[in-house]
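In what follows, structures are represented as C-alpha cells.
Each of the next two complexes has chain A plus one other chain: chain B in the first, chain C in the second.
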Partner chain A sequence: MEQHVVKLTDAENQLADLLQAAGAADAKAALTANGLPTRRIEEYHYTDLRTLLREVPANLAKANDGLPSEQFEDFSRIVLVNGALVHADTIDGVEIKSADVARTVGHDQIINLMDGFAQSQIEIVISKSIETPIHIAQVHDGANSVAASKVNVRTAKGVEAAIIETFEGSNESGLRFADFAMDVAAESNLLHIQLDQNAKYARQFVQNRYDLHEDANLRTLVTHSNFQLGRTDIKADFKGEGAHADFGGLNLLVGQQHGDITLNVNHGVPNTTSTESFKSIVRDRAKAIFQGKIIVAPDAQKTDAQMMCQGLLLSERAEVLVKPELEIFADDVLCAHGATCGELDENHLFYLMSRGISRADAESMLIKAFLAELFDEIENEQVHAKLENRVDAWLAAAE
Partner chain B sequence: MAAVKETIDQVKEIDVDKYKYGFKTDIEMELAPKGLNEDIVRFISAKKDEPEWMLEWRLEAFRRWQQMEEPSWARVDYPEIDFQDLYYYAAPKSTPGPKSLDEVDPELLATYEKLGIPLSEQAVLAGVEGAKVAVDAVFDSVSVVTTFKEELAKAGVIFCSISEAVKEHPELVKKYLGSVVPTSDNFYATLNAAVFSDGSFVYIPKGVRCPMELSTYFRINEEKTGQFERTLIIADEGSYVSYLEGCTAPMRDENQLHAAVVELVALDDAEIKYSTVQNWYPGDKDGKGGIYNFVTKRGDCRGKNSKISWTQVETGSAITWKYPSCILRGDNSVGEFYSIAISNGHQQVDSGTKMIHLGKNTSSRIISKGISAGVSQNTYRGQVSAHAKATGARNFTQCDSLLIGDKCGAHTVPYIESRNSSAVFEHEATTSKISDDQMFYCQQRGLNEEEAVALIVNGFVREVLQHLPMEFMAESQKLIGISLEGSVG
Partner chain C sequence: MTTPILEIKNLHVKVEEEDKQILKGVDLTLPAGEVHAIMGRNGSGKSTLSYVLAGKDGYEVTEGEILFMGKDLLEMEADERAAAGLFLAFQYPIEIPGVATMTFLKAALNAQRKTRGEDELKIPEFMKLVKDASAQLEINQDMLKRPLNVGFSGGEKKRAEILQMALMQPSLCVLDETDSGLDIDALKIVSEGVNHLRDANRSMLVITHYQRLLNYIVPDRVHVFSDGRVVESGDRELALELEKKGYAEFDGTAA
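Now for the complex of A and B:
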C-alpha cells in the first residue's frame, strides 16, 4: 500500500491522543501515518471509517466493577469489565488468568487500535471437556469512553466446549474493541457464539480469529443488532487435515444502523470443509454488509466450501451490500457461493394472509422462517431462546 | 471433481503455443515519433485532419491523464509500462486512411485474407447464402477499408471509421462521444481519449433494423506500437444492430498495449448486440510477449425498453483488464453479459461486468464461464447494483469456473449492492440451481445430473454464440465444446 500524507480528521487526532495515553506509541504512529481505513482499502470497501467514525469518546475506560445483566442459568461465568478480568468461576479443567498484553502493529488500523487500547489479555486454557457452556460477559462501563479487550482461548486435543460471549454496555456512545482468538486443537469440538447487547449509539469493532487443527470441529455465530455501528472481522485458518467449520452470522438492523461482517476463510491444507451462512435483515435506512472470502491454497485438494449470504430488505431505503469472494488455486475442490437480495415474497404473504393471518403476523412468520436455518443448529436451549427473543424484540420494536 | 479428459484436450487445442495468427505483414509504415506529449496528440489530430474541437477534447483528456495514476486493484501483475517507449501512431504508408477496396494495398488485403476476413464484397461465405457481413478493417492506427458502405447507406445506416465520422457527422460525434465513458473515467480510457487513432462509428436511424451484421477487425502489426481505438455505436429509437469485433496480433517478444474504448448508446426500444472474439497474441509458453488488453467497454441503455447484450469469447492477450458494462437508465431496459474466458500459459485475466440499475423494472443477466489452465490466473470481477430509485430491478448472475492443473488460479469477486427493497438479485456459482424442471426433464430421459447440467448450460451458451457470424463460428465451436464438468463455483 502506498503511503500518502494524510490530513487527519478531528476524530483521528483524538484517537491518536488516546493511544498515546494508553501507552501504544506504535499504534499511534501507524494511525497518524495512514488515518482510519477508507473505502479505498478493499477490506473496508463499504465501511468508510473516516466518514462513519466522525466522533470518538474523549476518555479511556477506567477499571470498574460493573456487573453484567445478561444471565444464563447454570453456565460458568467469566466477567470482563472494560477488558479487565473482574470475576471467573472456578471451572474444573479450565485455567483462566490475566496476562500482559502482547501488542503488534500491522496494516489494519482498526486491529492496531484494538491492540493499542487493550491493557491486558485474558488467557483461557481448556484442558478437558466441559459440559456446561462458559459465558464470557463483557461489560463496557463508563460514559464517553473507549475500551478494548483481548481473549485468547486454547484447548487440549479432543476437548468439547462451548463459549458464549455477550457484549453489553451502558455507555451511550462508547467505542469498544474486542479481540478473540481461539486455537481449535486436533479432534476438539468447539462452539463460539457472540451476542451483542450494546447501548443504542455504541460503536463496536470485533475480531475473531480461529486456527483449526487436524479433525477439529468448530461452529460459530455472531449477531449484529445492538449498536449504531458495528464490524466483526472473522479470520479462520485451516491448519490440519480433516477439520470442519460452520460459520454463521446475522445482521438484524433498523434505523440508521450500519453492520459489517467481513470473513476470511483460508483453506490452507487438503481435505478440509466449511460452510458459511450469513443473513441480513434491514429496515428503515439501515445498511448491512457482508464480505466473505474463501481462499483455497494451491495444494489444498478436496476442499469443500459452501458460502451463502442472503439479504432481506424490509424498507425502501434499506441497503444490503455483499461481496462473496472465491480465490481458488487448487483444481480438485468444490467451492460454491450464492447470494440473494430481495424483499419478502408477495406470494408467500398472500398465501398466509388468505388463511386469515394478518399481514404483520405473516411478515413475522416469514422473517422467522428466513432465520430459522441459522438458529436450528444451536442446540443449547437457553442460547436458542435468547436468539429467538432477540428476533421477537426486534420485530416488536419495528411495529 | 477434476476436469474430464475431453475438456483438457479441448483447452490444449487453443494453448498459447498454438497461436495461429502470429505472422506479421511486411509493409512500409509511417510512425509518429516515439513517446507521448502534447505534440504527439496534435500530430495524431493533424494526421486525421480533425476540426479544432476534437483537438481540444483530446488535449483536455491528455492533461487530465497526466494527473492520473495507473490503477492497481486488478488481480494482474506486470512490469511497469513505460508510456514514453511506445509509438502512438502507425499507419501503412500506402493506405494512410480509409479507401475504396480497389485502392487498398494488396498486401493488406492478403493479410486479412490470411486471417479469414473477406474484405471483398463479392466474397460470400462458401455455402452460406446471403451471409453478408460489413467489415471495418483497422490496421494499427488506421481504418484501411470499410465494406458495404453504400448498401448500408441505402438503409440509412452510417458505418464508417471514427475519423471519417468526426469530419462528416460532427453533430452526432459531438453529442455522443464521451457521453458513456467520459474522458475522466479511468486511466486507460483517458489515455485513449487523448490518443485514439481510429475505430468504428455506427449510427442506426430510428426504426431501422440493420440489414447485415457489422464488424470491425483489429490488427496490431507494427512493433512497439500501442493500439488505441475508439468505437461508438448509437442505436436510435426502435432500431437494432448486431456488431462483432475480432482482433489478432503477430507474435512478438515485447508486450504491446491495446487500450480501447467502446461506447454504446441505445435509445428508446433500441437493441444492440455486441460480440467479441478476442484473440490477441497471448505471449509464448514462458510468458514472453503478448498484448496487454486494457479496455473500457460500456453500454448505456438510455431509452426505455432498450436492450444491450455483450457476448465475449476471450482466449487471447497476455493480460486482460476488461469489464463490458451496462448502465440501465431507461425504464424496463435490459442488460446482458455472456462470457467465456479461457486462460492458458502465463495469461492473466481480470474480467467481468457491471450492471448498474437506475431505471424502474430493469433487468440484467450475467453468465460467465472461466477456465484456467497452465499457470494462468482467471478472475471474474462483477458488480450488480440497484439505485434507490430502481424499483423492480432484477438480476440473475451465474459464474462458473474450472481449473485444469494445480498451478493456476480461478477467482470470483462479485459486488452485489441492493439499495432498493423491491430489487431482486440472485447470484450463484453452483451447478445445482439450474431450473429444476429442465433438470428433471433431462434426468427423466436417462441423463445423469452432470450430463444434464452440461447439456443445459452448453445449450444456453450455444444459443448465444449462434449470433456470431460464420467466420467466428469455427473458433468458438471449439470453446463451446468444453463442458462444465468439475466446475468449482
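Now for the complex of A and C:
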C-alpha cells in the first residue's frame, strides 16, 4: 500500500480511535495512512467523504436487544441489532449462525471501516428452496453510535429463495455499515431486496457482493430514501456460463439528502446476461448519484448487458449525476447503456389535467409511472406494497 | 334566451414569451345542443383555439374573453374546466407509459366528481360504465389494460378519446381533427360514437381540414377560420362550397 502522510480531519482521527477500540488495528493503520476517500478517488468522485463525513459518532454501538418495527406477515425472520444476531426463526433447510469476523484490509477505506467495525459475521446457508421469503431486519440501536454488520449467504445448487433486508434505526445521527455477500449457486434463483427505513439523519454505507455461478438467476433492488447520507456499493461477478441477473436501484431523495449507488458488474465468462435499471427522483437540494460499470472480459463472448439510468428532477437545485461505463474486451457481445434525465413532461401533465385530474395528483401519477417498471418485477405483494407505500409517503410529505 | 354553452368574444392570443400573435379576434357563439364545425388550413390557429379552450400553458390571452355557460373560462385551471364540463379530444392523444388506461379513467372520473362535490364511483358501477361505453366503440377490454395510449394505433387512440368523452358526459366537446389518421371504417365508428353523444344540452366544436368528417357528423353551422379568426360562417353547405373552391376563395389569398 502506498504510504504517504495525510493530515487527518477530526472525523478521521475519531474514526481511527474507534477502529482501535473495535480491535481493528490494520484498518486503523490504513485509514491513518490514507484518510477517507475524496473526490480524487474515481469511485468516490461525487461522494467526497472527507467533506460529507465531517462529524462522526463518539462511540461504538453496544449490544442491545432493540427490536425492529418493520413486519412482514408470515415471512421468516432474522434480527440483527448493531450487527449482532439476536433472533433467528427456525427455517427448514436453512442454517443460520454467528461466526467470528474475517477481516481483510484493502484499498477502499470504507470497506476497511465496514470490516473493522464488524464484531461478528452472520452465516446463512440455504440448502433447499424456501417458499416464504426471509426477512433480515437490521436494527441500529444506540444514540449517536457506529455499528457494522456482515451477512454471508450461500445456497445449494438449484435453490429458490428470497431475502428482504430492512435497515432501521432509532437513533438520529448514527453511522452504520452493512456488508452483504451472496454466493448464487448454479441453477439457483434468488431475490435480494434492501429497503432502508433509517432515521432521518442516519449515515449508511452498504456493500452488496454477488458471485453468480452456472445458470444462476438473480434479481436485486436497492432503495435509498431514509437517511441523510447513503452509499451502496454493488459488486457482481459472473463466474458460470448461462447466468443472468437483473440489478435495480432507486434514489428517492429530498431536502439535502445525498444518495450514491455505485455498481460494478464483471462478466468474466461467456454466455452471461444482465440488465441494470437505476432510477433517481430528487427534490429540493438533494443529490442522487449512479455510477455503473460493466466489464466484459476478453473471452466472455455472447455477453448481453443492458444498463439504463434515469433521473427525474423535481426542483431546480436538485441534482442527478450519472456515470454509466462499459469496458468491453470481447468482440461478440451485445451491450448498451443509456441515461436520461429530465423534469416531468408538461404535455403529460396537461393531458391528465385536461381530464380533470389536479396538478398535484397528475404529478404523483407520473412519478409512480416512472417507477412502475422498477417495481412491477417484484412479484411478492407485501414487498410491492411496502415499496408503493414508501413512495406514497414520500409524495405526501412533499405536498 | 338561454345562455349559450360557449361564447368567444374578440379573442386575441399569442404564444407566451414570443411576439407571434396566433388568434387575432375570434368571435364565435355556440348555443346549447348545436354542433359547429371550424374549418381552416394548416397554421390558421385552429389547434391553438382548442388548446386555449382546454387551458394549456404557454399561451397568453392579450384581448377578449371566453364564457363557458356564462362563466369566465380563462379564470379556471385545466382540471377545473374538465370538471365544469369541457372536454378536448386531442388531435394527437398523449402516450403515458406506466399509467394503465383503466387506472387513468377511474382517477379522471373520480377527480371530476370530487371537484363537483359528488361521491366517488363504486368499482362495479365504474366497470359497467366503461364496459357499456367501450362496447359501442368496439374497444376491447385488453386495450384498456394497456398503458394509456401506449402502442395504440391511430384509430385506437381516437376511439379511446371518444370513450373518455362518453364516460365524462361533458357539456362542451371540442374535437380537434378527430378524423386525422383514421381509415373509413374507424371514421365511421368514431363518428357514430360522437353522434350518439349529441344531445339538447351538449354542444360540440368540430375542428377539421376536410369536409369528409362532416358527412358523418353533420354540423348545424360551419365557420371558416383563417389567419387567426373566423372569416365566414354559414350552414353545412358552406363546407361543400369550401371543398369545391378551396380556402383561397375565403381568406383573400385568391389570385
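Everything that follows uses one rule, which is that the second predicted complex is superposed on the first by the 395 of 399 C-alpha atoms of A that agree within 3 Å, B and C clash if a C-alpha of one lies under 4 Å from a C-alpha of the other, contacts with A are read in each partner's own complex, and residues count from 1 in each chain.
FYI, contacts are C-beta pairs under 8 Å (C-beta built on N, C-alpha and C of every residue); 3 or more make two chains touch, one makes a residue touch a chain.
Treat the numbers as computed from the prediction; the structure is a model and nothing was measured.
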| query | Overlaying on chain A: chain B and chain C, fit or clash? | reply | fit
| query | Touching A:G338 in the superposition: chain B (first), chain C (second), both, neither? | reply | first
| task | Go through the superposed model and pick first if A:V320 touches only chain B, second if only chain C, both, or neither. | result | first
| request: Check whether A:N347 is in contact with chain B, with chain C, with both or with neither, and answer first, second, both or neither. | output: second
| Which partner does A:E373 reach: the first (chain B), the second (chain C), both, or neither? | second
| field | chain A residues touched - chain C or chain B, whichever exceeds | value | B
| task | Go through the superposed model and pick first if A:G356 touches only chain B, second if only chain C, both, or neither. | result | second
| said: Touch test for A:D299: chain B only (first), chain C only (second), both, or neither? | reply: first
| query | Between chain B (first) and chain C (second), which, if any, makes contact with A:E95: first, second, both or neither? | reply | neither
| Shortest span in Å between Cα atoms of chain B and of chain C, once chain A is used as the common reference | 13
| Residues of chain B touching chain A in their complex? | 1-3, 73, 388, 401, 403-430, 432-433, 486, 488-489
| field | Complex contact set, residues of chain C against chain A | value | 54-58, 77-79, 81-83, 88, 90, 93-94, 96-99, 104, 107-109, 111-112, 115, 147, 164, 168
| Which residues, counting only chain A, touch chain C once they are in their complex? | 346-348, 350-359, 361-362, 365-366, 368-373
| note | Residue positions on chain A within touch of chain B in the complex are 42, 45, 298-299, 301, 311, 313-343
